[in-house]
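Below you'll find a set of structures to go through.
In the two assemblies presented below, chain A is common to both, partnered first by chain B and then by chain C.
For the complex of A and B:
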């Protein structure tokens, strides 16, 4: 594209970027203000100096390091396990051509659209019966299943297009079904799987409702649940909430920056190279 | 076959992980070390946070074999999960919980929190709670507050008052009003000078509390009992609520409150007052400590709403003892310590409103003023609770109603008819 059109697109993108970044800017701005400054100057004023006490206080108050470990453990396990589960399911549904696979996929899709509020009570009773209530394991199992439902749906569609010739060649060379999966299907679909894993990680990281209900002890809580401590009944500590929000999004941003190359590669990868 | 291997692997991982979790319970032998599991959701630097931290220290000093295992919870988590937690083995031995029919009342009806009536009379807690403070601690078998057994105990109170900016009052030569006429005259003075006098938030509780406060200035205790505890019939088109709604609509017309405030949150209202933009804010004592700490640009004070002996207000949140607790005796000992003069005085000196403090022991001047006002209100039996209490989900109904009053989209009588609906529906559900 040449001429004024380019500039119009650039201007539109800049506008969009400003609109997207503005809330984060406000959060960052208020995170480094003292509460007195916030109350006397309002949320939009520039801070007089760097006030980092809010961030430090919040860190200590909720033992943020521990929450980070919990979130990492849960999101990391879910990302890996859900991808494994999705691949196994999708291999059966997409390549294995199980009878009635369409109805199975529709079932997965429906399960995926269920609101979590509807799941809360059944899951609560199940977890309580199994002695898993208030454990990180309960969250890992539940989110592995929830994320794998989506993963199965997506991967089945991808593997449905998998080149038959490659699989047949492998079969002639004497590869069994399991070998075909680990040596042929997984390596070729690796870019898609990495993207899926990153999405699962970030989605699980940001989950709030089910962790709120299942992770009762402070020792087990995840980052988003810990952020809720600051929102009182009638009272909101705006500066500390900003500080905590900043702390809460930093890990996800870091994770994204580390893996962004994998992400773009996965999205642009072609079916057959 | 392939799938089975995967599932088996998952199960193996699951079992390995579950082996890491799990906890242990302590036995109830008197000499054994014991643990009191305590939850509350007050910030550490708030008045309650400070007082209760001290109570924990005192408790551990008097009970050397007991360790208090305290966890600060989020308000939202307790609200959303209380019935689930209390129904499981993870329940604490003692926790803070919201008062009211939809919260503590519901838990009492479900049998999840313990009836502590016996302890209350034995330890004399009932004598420490004057004028309406005990109402929120007692629930009948329908979970309706005001009578029946004791299911909780409040440590502190709260009430709605008028905060005013002394500097702006002086600048416009306005005196602290003693009657409602003087109050409106003062507000008129500000409007004439081009200042919107009352900081307001229409999207949350403040607007409905003002409407209710205005209605209370024409009401008596019997009306409040009828409205809140269903002891009689409430006429939504009667003189009390009609006065409240029409006068509030009048306030909007006369410019006492800003029409634009219908979309504001309580936080915006408070910050606007603390910035010094408004001479008056009508809201609760929960702002008091924060205004004292953060409003540095001007002198401020407070007074009860002129021309009314009653004000929105109640006891604070309750200590409740879960039915599943195995350490109820320790929980009651702890509550007893929080009701002691020492802890109550600390609560008062930290900017809270204690229920049983010794006024002479309150040294902080601003705290003393606040507690004196509160004592004046309770002595006159003036705690009238909050307008959103009588029915579940009523808060949102009232927010919508008051927003219509602020925007002028509906006449007061129409709004009253609209808010009467859910109230009557709830009465029918309760079988009244």
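For the complex of A and C:
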């Protein structure tokens, strides 16, 4: 296809891109309008000015800062702890090649595909018995295990390729097993570990089902849970609803921009999940 | 020499036991009982499973699940293939790779959202009285409240949400394809669609498998968008197994019944995964 044909193809693809991005634009546009402006001008007009009261009202009403802190605390802790567990496991499975490693790996993989629905009620029950129900700690423990199941599977394959000579040299120098792990294996695998950590962070941030069940009090809720539960509340008018959507979008897009390079490199890794 | 490495598995195996193995077995055990969540569960054998087979809502929820597999796995894979091929060997070659990369990023954008937040965005856009969609097009449709419309609306939202994922994965896979194939096909005068079908598809088959598998599993597990957008309604128009089990666990206090639904769902997911991996294995 030459001449005008190629522009038609480009136009069609650009049009689709506009459709994909449209919800983001329209949310941002209307989050900064006053309710009066929305009802008189409708959703498609450009805002007359920057009306931030809707965002501020929603922020204060749900104490959004607190929700951000909760999400950051849970996702951050899970990302670090799940990487630590994955490394320990992968060290034993990938480098140590302990007996029964294949069945252990299969176990981790099956655990990763199990729907959380099939664990939810017993987890809820056990957490209540242990006094962990409605705590952020319960979420940290559960998601650390769930993410580490995937991390172990992935990292064992990576560490299986780890150059043996380096480890043998370290052993001759009298380095113990734990020293070899912390001084050699971890520093050399750092790029993979950081990709894994970012993925764990974002996956945990995006979780909805278990946090919805576990974090019932306002003070403990994460960003997606708080927004999801409030959706359709009676006091939410048009502009406040778009303000709430915007507050959900912004952190996600910020993470994407910060981690973009690592993520695009690692997305194919994530596809294994 | 190999001894001692076991120690490194101990913390995970203990946690794993407590968070996954024991709860899963408990769920299985509870599925053979009648239990409200308090008091002692009463053993009823296979009663819950027999009841499931007769439950219209249960079958409806799986029927809706199939619709969501179409919306979350099949349609995005098909459109994603065409888009990835178009961006990679048409736009990329004629308008530069930067144009292609920018378009790819725009298609991918919905994927960065937590799926519940995607629900919040569309819940607002589709609100019957003040929603942007009705206002913009002068419509008065109750997109999520009309039983005839709700499932189709949720499906459309999920296509929007998922589309970027296959595009990105397929474009990454296409980098592997030897350009000589395309040049040879062009010399033979093959049309663009024929090239996609006969070169692109076979070459990135592994990626297609991964995308279909992961998206099918995601569709079987779908909960967030249903909870946020429709809560399974109106009526049972958008009921899915995941939400159906949640309802039985936490609102109807039918914990045994909910556990049976969750067990069936887990079984289906494990079987689907196994079948996919088998087919993929045979392809090699």
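Please note the rule applied: the second predicted complex is superposed on the first by the 205 of 273 C-alpha atoms of A that agree within 3 Å, B and C clash if a C-alpha of one lies under 4 Å from a C-alpha of the other, contacts with A are read in each partner's own complex, and residues count from 1 in each chain.
We take it that a contact is a pair of C-beta atoms (placed from the backbone, for glycine too) under 8 Å apart; a residue touches a chain by one contact, two chains touch by 3 or more.
Remember, predicted model here, so these are calculated numbers, not experimental data.
Judged by the touch definition given at the top, the superposed model places A:50 against neither chain B nor chain C. Contacts of A:10 after superposition on the shared chain: chain C is touched, whereas chain B is not.
In the overlay built on the shared chain, the residue A:137 is in contact with chain B alone; chain C does not reach it. With both structures placed on the common chain, the touch criterion links A:238 to chain B and to chain C.
Legend: residue contacts after superposition of the two complexes on their common chain; A:172 is shown touching neither chain B nor chain C.
Contacts of A:40 after superposition on the shared chain: chain B is touched, whereas chain C is not. Shared-chain residue A:212: touches chain B and chain C both. The partner that reaches more residues of chain A, of the two candidates chain B and chain C, is C.
Contact with both chain B and chain C is seen for A:88 once the two complexes are overlaid on the shared chain.
On chain A, the surface touched by chain B in one complex and the surface touched by chain C in the other have residues 38-39, 42-43, 85, 88-89, 91-92, 124, 141, 144, 177, 181, 212-213, 225, 228, 231-232, 237-238 in common.
Across the complex, chain A is touched by residues 2, 4-9, 11-12, 15-16, 18-20, 22-24, 26-27, 30, 37, 83, 86-87, 90-91, 94-95, 99, 103, 106-107, 109-110, 112-117, 119-125, 127, 130-132, 135-136, 160, 163-164, 168-169, 172, 192, 207, 210-211, 214, 217, 220-221, 223-224, 227-228, 241-242, 245-246, 249-250, 255, 258-259, 261-263, 265-266, 269-270, 273 of chain C. Taken in their complex, chain A has these residues touching chain B: 35-36, 38-43, 61-62, 81, 84-85, 88-89, 91-92, 124, 128, 131-137, 140-141, 144, 177-178, 181, 212-213, 216-218, 225, 228-238. If you check the complex, the residues on chain A that touch chain C are 1, 6, 9-10, 13-14, 16-21, 23-24, 26-27, 30, 38-39, 42-44, 85, 88-89, 91-93, 95-99, 104, 107-108, 110-111, 113-126, 141-142, 144-146, 148-149, 152, 177, 181, 205-209, 212-213, 223-225, 227-228, 231-232, 237-238, 241-242, 244-245, 248-249, 252-253, 255-256, 264, 267-268, 271-273.
Only residues 1-3, 5-6, 9-10, 13-14, 17-18, 21-22, 41-44, 46, 71-77, 80-81, 84-85, 87-90, 98, 205, 266-267, 270-271, 274-276, 284, 286, 290, 293-297, 317 of chain B touch chain A when the two sit together in their complex.
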